[in-house]
Amino acid sequence: MKRLFSLALVIAVLAILVPVAGAAPPAQGEEYIVRAGDWLSKLADKYLGDPMAYPAIVLATNKKHGEDATFAYIDNPDLIEPGWKLWVPSAEEAAELVAAPKGTPYKIGFAPSVTGGGSFLGVPERNTAEIIIEQLERTGGVVGPDGVLHPVEIIMGDTESKPDVGVSLARRFIDEDEVVALVMGSLTPISLAIAEVAEEAEVPYVSMASSLAIITDPDTGEMRPWVFKTPQSNGDVAAWQVERLQKLGVKSACYLYENTGYGKDCFKNSSKAIEAAGITTAYSDSFERTDTEFPQVAGVEASGCDVVIVGAIPPGASMVTIALRDALPDIPIIHGHGVCTEDFITTAGAAAEGVELPCSAVIIAEDVPGDHPQKAVFMHYKKLYTEYTGEPVSTFGGHGWDGLMWVLDALKSLPDGLTLEEQRAAVRDYLENNIKDWPGTAGVFTLSPEDHYGLTAESFTWFKVEGGKWVPFPKEQW
Amino acid sequence: MNQRVGVAKTESKWKLSRELVGKGVTVAVILGVIAFVLFLGYKKHFETRHYLQLAIDGIRGGSIYALIALGFVVIHSVTGIINFAQGEFVMLGAMLCATIYHSDLSLPPVLKLALAIVLAVAATTLIGVVLERITIYPARGSPVVALIIITIGATITIRALALLAWGTRAKWVPAFTTLEMEDLTFRFGGLIVKAQSFWIWGAVAVVLAVLFYFFERTVMGKALRACAVNRRAAQLMGISPSRMSLLSFALAAALGAIGGIVLAPATRPTYDMGLILGLKGFVAAIMGGLVSSPGAVLGGLILGAAENIGAGVTSAGYKDIVAFVILILILLFRPQGLIGGGERAVEEG
Amino acid sequence: MEQKEKGRDWNQRLNALGVMFLAILVGVIGWVELAQPFGIRFRDFTGGMVTFDTLIRIGILTIVLVGLNLLMGYAGQISLGQAAFYGIGAYTSAIMTTLASRHGVLPGVSRSWWWPWLAILVGMGVTGGFAYLIGRPILRLRGNYLAMATLGLGIIMYILFREGEDFTGGNDGIAGIPRLAIGSFKIWPIERYYFLVWAIALVVIIIALNIVNSRVGRALRSIHGSEVAANTMGVDTAKYKSQVLVLSAVLASLAGSLYAHFQALIAPTPFSFAASVELLVMSVVGGIASIWGAPFGVALIYVVREVLRARLHAILHGAGGEHEMIVYGIVVVVIMIFMPEGLTAGLAKALRRAKRA
């Protein structure tokens, strides 16, 4: 509905603009530096006489980008930033560009957990992929360094939160659909199973689940050559939590975690780090997302610990926070990055006040300082996501965004005429060697052959909930 | 004829001795479990108030199990079907109530909540009725196991439709007392009871009273009971089994919806909340022998308290194990259910 | 009486024909994929909708369902916990075959090629013993108590798989399960494994058909008809029911081991209550009153799901996982309304009608 409305608005605006338009199309193409208030169909109307001819500008600019990196690469026709250098083609050039032969189409297999237990992660990821698909339709695909446009098809699937279905889908994507790369798996066990298939078939695979085990070979402990992952690791979360605990000067901590792969991974990492720092874990227990009673709170109370750490996602995380606040109004509560969404505050209400956690700054995109390396991607992604879904942005969808954007970036580097095996190998090599200082929603990634994850604890910001809002709470203020 | 009498005799003898042994074993098992629980609690520094808190919270959850179990009992005793969609009625009640409450109606919150509750119960009942008419009714006369599979298929579809309609985000319903997200909390010497708990217990009590009146005093209720006792005889007396089946689904859907609505403020409803609640309700129903309403209610309350205490002293990861160990113990030592009358459950479709 | 004899004879011939047909079908599909005559591959017939991965999964679940059908169709006992037996087999295989790499236990022996095969047998023994232990007390009760007890046991086993961190790897499961091999001949890639799974499935079907047509089978059917009558006729119903339960558990365990070596990683989800329910759905959709219901039921459900996954979004623009589940649920309901006895019974009815006409 929202999209229909905005479309109607665009058409209405265009109808007013059309008679005013006048500038003759240039005989030859020309450079154009974007100014504030520009948008592509306005430029297309001004220079090409047709607001709907904007794809020609996109294509021309993206082609120029291959020859000369000072030109911008337009991923999203709705988003051009002031200062970008575009190439506005002449009318003939534009016609030629649109009619030019296209390169081999690329396919990407994308499958989160849309249904089943992982749907709380998978649905935002799926929505994100739909946004990217829409963009790819409008830009026509990706342009390689040789200026050839390749259509990109993202084939969607649903792992149903079952490892079996994940593996079947991965095999189908690889053998039947002949995809260049896989971006799949919202949950750790599913990703682990898919990793085996991807390794065997030698297809680059980006997981959207958080455990480091996914990218590590269980026998040798080295990186699996074909497997990558985008979400922040719980080890980095634990490092922040321990630092904060030490600052608070606590002697014993309680740990409550959701009985899922994510929750258990949180607990494993945090408890290890906490013990190493000389703080005792006085009590630890799991809970279910659907629980209505929390017998664990009695355990927390009886153990007499100084602080509670929670590893969970909403709404389970919200319910346990409420139960803790009822019984122990003054105890500090620290969460993991699973509750990095406004949903946590809206479902926990007043109980969320004072909760602290490390999180990607994407949730406060507007308030991030302008020089922050991720500011642009935060603003861009948040705007797209909230407009498309009408829901607040969460970090989960961001994992899908980062993964797909990695693969698309890799595809932009491929020359035309490669075989499928060569394409797969080239994408893998690109991910491993060329994703450097790459700003994503989860952090600034720097991948290498020794690290297929590429984030450090630095990618987190420490937050506190104050007045029903996420407020950054940097170390200096602790 | 002679043969049959012989069988009955040996069975009753066997039953007598088994009952005696069974009672001894039951008492021993219960004492053993209590000792074990106390030992585990002692290791966790539990005091009496901790146990009391666990029991109170557990009975609150158990009340919801009881309402769901009643739905299972009503449908099973009338049609022989185990209705796997029972948990989805709970979800529908909670989610519809939340959706209606948060709609753009410009009414004072009290009226809005009341309207949301009434509409959610009505809509869920209607869904139950429609479900029976488009799935169970066309398949009447089929083997019971086929009908059970039909309810499984319906469950899959309902849950997926809910996901499509509401997404994965949790909803919220205001507490009935404060009409806000934050509920009133009563503290009695270290014990914490939320105001919503009283609403839940009140709802169960009212539902039980209404059901009692319905089954004992109204023609329709009596017809339903007759159908449960002996379907064929009831049919001969002019009671339409198809209408009774419809009625049982309507009743079960309404019971589920009420359970979901009173529970909603104490939790944050999501599209998939029905699965585990339905399963626990089913266990509670079995504890009542699958045909006894008081047994089902008692089963629900005991189940809720036992699993909460069990989870409190061990680990919440094992919470469900407590429930299903109880199930197996009941099956082994008291298959007719806590209160009895469960033998009729054996009647085959 | 003679009429009945004739009927049985006809039935047996039909069964033999069915086994032969299935064997040839399995062989031809495998041969086409391996040899690619005239450049034709298996996927050319299915439009890529049914992959070898799916065929193997159908074979594995057929083994489980043959056991489940014996239990439900012939002994009249509904099981809502079959996935637990399936899981015990899978976890036994997984734990035993990853012992050396994870814990360094028996490094010499546990890396030899016959060790996984021994693990499969151990799994079958453990599962059978477990089924015997739980079966004896519960099967003495009448009615559908087995259904409820297996439901409880299924969920308890699932929780143990999930919570038994040190043995089962918890939610993340056990990774790195090796492929099967005979000597130095690895039963992998996937086409080889396909032959292994279906060869075992065929043997299981043949054994089950023989059981059904034997004295035991008749005794079982008498239990399904009326247990009291069977009892008075001198049939030790409890003993037979217990034997069938053990057999079905052993078959589920075998299938679980095959699954573990196919998937290379096992996590608790495929052994949950939902999985047991799905097995029940497959069984009933195929038809519990016949061994042939097993392969039909699994194949039907798998093909429906695969076609939905592969095609639904092309028909319905923007369709996702939710739509697949909606349609899948409706398909199950519709099949049950129109073929309440399952697919095999429905087909048999249609055949008889065609014969009469």
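Here are some notes:
By written order: A, B and C. Residues from 1 in each chain.
The rule is simple: a residue touches a chain if its C-beta (ideal position, glycine included) is under 8 Å from a C-beta of that chain, and two chains touch if they have at least 3 such contacts.
Predicted, not measured: the structure shown is a model, and the values here were computed from it.
Judged by the touch criterion defined above, the protein chains are all mutually in contact, each touching every other.
Each of A-B and B-C has its own count of C-beta contacts, and the greater count is at B-C. Work out the mean CA point of chain A and of chain B, and you get 41 Å between them. Spacing of chain B relative to chain C, judged by their CA centroids, is 32 angstrom.
Among the residues of chain B, those touching two or more other chains are numbered 160, 163, 275, 315, 317.
Residue positions of chain C touching 2 or more other chains: 162, 322, 324-325.
Residues of chain A found to touch two or more other chains are 115, 117, 259. Considering their complex, residues 72, 78, 137-138, 141-145, 148-149, 151-153, 155-156, 159-160, 162-163, 228, 231-232, 273-274, 277, 280-281, 284-285, 288, 322-326, 328-333, 336-337, 340-342 of chain C touch chain B.
Those residues of chain C whose C-beta lies close enough to touch chain A in the complex are 43, 48, 51-54, 57, 101, 162, 170-173, 175-176, 190, 263-267, 269-270, 306, 309-310, 313, 318, 320-322, 324-325. Residues of chain B that touch chain C in their complex: 3-4, 7, 84, 135, 138-139, 142-143, 145-147, 149-150, 152-161, 163-164, 275, 279, 282-283, 286, 315, 317-318, 320-321, 324-325, 327-328, 331-332, 335, 345-348.
Contacts from chain A toward chain B in the complex involve residues 115, 117, 119-120, 123-124, 259, 283, 285-296, 298-299, 301-304, 314-315, 318-319, 326-327, 343, 346-347, 349-351, 391. By the touch rule above, chain B contacts chain A in their complex via residues 44-47, 50, 53-54, 57-58, 60-61, 64, 160, 163, 167-170, 172, 181-182, 185, 192, 194, 263, 266-268, 270, 272-273, 275-277, 304, 308-309, 311-312, 315-317, 319.
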